[in-house]
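What follows is a set of notes on a single structure, which appears directly below.
Here the chain labels run A, B, C and D in written order, and each chain numbers its own residues starting at 1.
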């Protein structure tokens, strides 16, 4: 057989390539640039890369193609929208990551060792987090556009591996942070094994690694259904794990709590976009015609996830864990968009992902601000009277909570409405009912936090809200602004999505 | 002339100005707030003058596309009912501001925040009655909760945050049920010629009776929580007990009217058949509310809770009138909404003054006020009289219309409800005797009587109560066309007198 | 019917008075009472003027109406604020304004020492206005306004000294019991509208012809309930005794002369309904009969002069109600007795007031005695009233009461006999307790203590008493001379043929006088011969004890209504907190509980997480299997 | 020989690996079990590529090995750090974060 050289359309791949290049440069910088200059250099490189990549995405927004890389990635409306969302979310997350106070000076050093102390004193801060972030982002960009099994798997690992490490980089409570990394890694690897196994069966069913090929055989209905079903089930497990759906959610509360808060924010927001992006593509294109087999299951998972997330969140005492469970509940809502399996569902999901991602980053940005002498204070009881201490921060946080709760005039409401109506339209009434119910339950704990912040008097225990650094401030202001604007004038974005979001197969 | 948007813009602008003012200059803040609300009141009255009475169509209609992808419009328009309620809200607003001149002190936040919230709330109060797009209505319906929530929790007394949360959770729960129904409507409209939220077009939707019943319940429960109807009422006494008098006036006087207004505007219009199906059940609940609210009012020891329970009884009357499906019942209910706004306002404001002077809201702590503070005592007495629907005062007309209108179709309900008027005598006269009569209890000897500001604030309320008692026609003439329109739209006509058939 | 433009002034004048006095407040303390009296007087003059006009017109033309404005109009429910003056209402107008004015004058002096005299006059004017509206309203709904208006005025005046808790309670009691009656009135109005589509007197009268008897009976009974409330008739009579808490002029005007007779007006006005509803009519008679005995019996045991008079009022109104229940023949006599009673009972109340005035507000007759010498005028006027109520010829009561007794006898059958005997017996008992009052108060030895300095009242007070005394002497003769009143009112009532006479007038009068004589005699033997104890003796018959407690009416209401009501209230208040709110809180707790128990899944052990994933995987595969098979 | 047997074998290996993850305490062993699962998947790929007579399956197998190698790098890094700070490689000791 003859070997045909691959033809790559670089301009369409450029957003990802730029990120990879940036990441590699970052690695070199880590090696060769002097300690003093490193942080600022790394930051500027990262931001620069992201902006450049975003610009590229903008440039190619209208060039749709399935052959960008020999049919292993597809660039279409949803791809563009998702990539853009990921990049925007990443930029504001990087602003948080820039606050090096969250990250261990020397990941390799023992917690509490002289080595570490020395590193901190001499300001010997390693900044490998930046290239890691860029690698992860590159993976996330690739995940939703990949259109064959190999790319999909590689992308998955590409976005996961750096995150495993980043979860362990916290400067304070390092044991917990490392534990988070360990758990995330083991469970992640575990689930990706399922994912891979499922892929194997899909391949076995269709004899093709390409989505288009698999889709054809699903449509044709030829081939052994058992293989298909096992394939769908196992691939679903891998994806459901990434989005944190019950019962594959167990990692998220621990990891969210253990990881450095900026990373948590980044992970919670960007990973969800990437994972759901891939999920949408796979279920809307590849599995669409086998929906008789998976919609019931996914509906069940969605319902359980919504209710479980909301219920358990009520009982949380730690703000990061509470947000983790709330993100589980939101994963449930988003699954409703997948189940919808119609244009409205696709549009709604994309809108929801963007709105939710921005709000999440904003919320975690505020979590980074509430501190005492030894780092962040995540115990909710110590958030009492935050409204007195610093009204603006508290108000912003309340804004994000209201958005999560889906109160009108916030982006959350538009998102919830659109995704539920899409699901209802596809006849998934049960999911909608459960969604409404769990929203009611969820309102419970969002409001409880607001009460804590505004209606209870502060206790003097050294909890302070430190003045946000310029970058963090930008993040917060940007995300609150987006949250409100999308709540009041969602029309432009919605129209954009409606016009853009159609999968090409 | 885009009247309604203008009306809504005014207080919003006012709130921005207030927010911009220096926190320290409280006097200025209050003056600006008062000026704004007065301006809105003037504008509303000016608009009302231009309202064509006999036109049953919506008037002052505005429509701009808001979220095209969902067919959502920013659509406003009012019929007689909406006009009356908007009038009530905008007249009450300045009264509340003036009457509660000092109630924003000692809150969690500055005076400025209080008035900003009040003004924002006024905008929403106008919008919620004017909206003709279901989505827009829902958005305002829900968003309204937030300012009220902070008004109760931030400036109330006692268990204020608990009460605020209770209020919010209750309302959100109802709201979400309504959201489910709205989504269903939206989807069905999509299936039947284009997604829309336009009330008029939605009212033509074809749907199975089961669907209609379910969706009706979604809406009705939300409204029954707002209104509030037994047994969904338990949030109200707590909220009223903790909120400042001014807030309570807006809460019971205006916000709760959204419930009864919604029953007419949305339940009856969108789900005529379901409304008929559920009428018997609802009437029973209404009658229970009337009697239950009255009896519990009699049993209260706290003045504010007492007033809250009287309102539950009154909302029972309103609901009964709405679902009696007669023109008298409907007009009575509509008029009742207006009158209740003012009689409750009078009760709460005067009661609030008594409480703030005495430093306690326990009825037993008062006594002999008639000798100490005659003017205040008489105002309270008058307010009480209007609350027990004394003929010659406004609420009598509406209450009697409701009863007569109900009797012609549902005599039994009407008869039971009428016992409410005896209980009313009790729940008003008992506090009157305890608080105003008898020897002056220690600690009350030198309470100050109403000052000029308070007199000015309460005067218009009392005036309206008395004048409308003798001359309600202006309002009735505005309401009646809508009444007949709605009743006829439901395929009902007033029962004809039975006499003549038995010759 | 002719229309007029001047009727409204009858009401407007006193109403203006009330408004001015209440709004002007302390500023009007100086001249308030004068203004009020003047306005009430001028209203009386307007009444006289209207009477003269009416006399000038032929029978058919006499009723006149005035439409003020459209009050309530919804669908077919159209109520104008309209007034109607006819032969019946003019009688009331003159009684109300006439006696009212006299009592205004009396009060100027009687209340002169009260700091709130201005407010008192404001309320008096308010009452006059409301009462006039009651009798002038041209529909049941307008009447209803006046009906509750007088209730309000009475509440305010009974509780005029409400700093005394007992008085405040009395006023509340009066209002609430009246409201029960009012409920009856609103029922009547609802039924009327539902069946006839109208509630105006003329409309209902017209429609009554072709309305089912059932409906008419319903309306009739409900009107009766209303009447019992307002006129303190059985079973809603309990408030009247306590109502004596009000200043004596109030008792004279409202609780003797005018307001309490509103029930009689209502029934007479609704003759077209009762004539067509025999059952209702029968009930009216029964209520009247019961009440007249009830009141009389209570009267025999009261030591409080005002309460004794109140009991007597109750009993006398019983006569009127009974008369009104006898149908067309009775209406006129009921009204006649109402008018004469207005004179002599008001006169006696004022007398009692004057006595109290002289005895620094002592009301216990056992602390009186021998006042004849100290207040001769009071004695004289009171005495004339006494003779009038006894029905001694030629005093007023003789004409009016005997007419009712006679009509009762002649109402036919056993009913007639029973009623006749009851009324006769009542007359006897009346004679007994009124004599008792006379003796205890004016004759015998003085039993008052040293602080009391009995003295005659100033002329401002005795002048009205004198005028009323003249009325109680002459009114009976004037009204019945040539059946003046009967003919005057006859156009309003469809009079049927006279019943067969059972007893002739002469016989009836004879019997009545005998009964009276017996009553008086017993009273003399009991009180004039032997010493009167200064404190009520306890060694009295069970009958007396019961009578002293108003025949247990309060005990009954308490046991049957108040106590259970309070229990119900407490139970509901608790259950609202525990059950309804508890259920809501329960849901919350359930959510929280399940939440915290589900937390348990998050053990912290990575292997258990992996296990969960594995289980999930198995379940998923199994499920997809099940689904697709 | 029937290719299906290879599938059964891979399924068996996969199950063994999965169960191993759940039952073993030592982080390294747990990780090895995950590797076992990955290779089970590889086996299926290869088998299917044989059945379908198409090379992509084998290509994927190579990719998987590479990815697995990367995972080893990351994984061992994490496990080693946590071992150094805790002096234990038992996954059960790492349970600070819970509930």
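Assume a residue touches a chain if its C-beta (ideal position, glycine included) is under 8 Å from a C-beta of that chain, and two chains touch if they have at least 3 such contacts.
Owing to the predicted nature of the structure, the values given are computational and were not obtained by experimental measurement.
Among the chain pairings, B-C comes first (most C-beta pairs in contact). Centre-to-centre separation between chain C and chain D, using Cα means, comes to 97 Å.
Between the CA-based centres of chain A and chain D the separation comes to 25 Å, rounded to the whole angstrom. Separating the centre of chain B from that of chain D, both taken as means of CA atoms, is a distance of 66 Å. Chain A and chain C have Cα centroids lying 80 Å from one another.
Multi-chain contact residues of chain A (touching two or more other chains): 182-183, 186, 190, 194, 253-254, 444. Residue positions 588, 599, 602, 604, 606, 610, 617 of chain C are each in touch with at least two other chains. Multi-chain contact residues of chain B, defined as those touching 2 or more other chains: 169. A list of each chain pair in contact follows: A-B, A-C, A-D, B-C, C-D. On the chain D side of its complex with chain C, the touching residues are 18-19, 21-25, 30, 91-92, 94-99. The residues of chain A lying in touch with chain B in their complex are 347, 387-388, 391, 402, 405, 407-409, 413-414, 417-418, 420-421, 424-425, 432-433, 436-437, 439-440, 443-444, 447-448, 451, 454-456, 490-491, 494-495, 498. Residues of chain C that touch chain A in their complex: 588, 591-592, 594-596, 598-599, 601-602, 604, 606, 608-610, 612-613, 615-617, 620-621, 623-625, 627-628.
Against chain D, in their complex, chain A makes its touches with residues 107-108, 110-111, 149-150, 153-154, 157, 161, 164-165, 168, 174-176, 178-183, 185-186, 189-190, 193-194, 196-197, 199-201, 203-204, 207-209, 253-254, 257-258. On the side of chain A, the complex with chain C involves touching residues 182-183, 186-187, 190-191, 194, 225, 229-230, 232-234, 236-237, 241, 247-248, 250-251, 253-254, 292-294, 296-297, 300, 308, 311-316, 441, 444.
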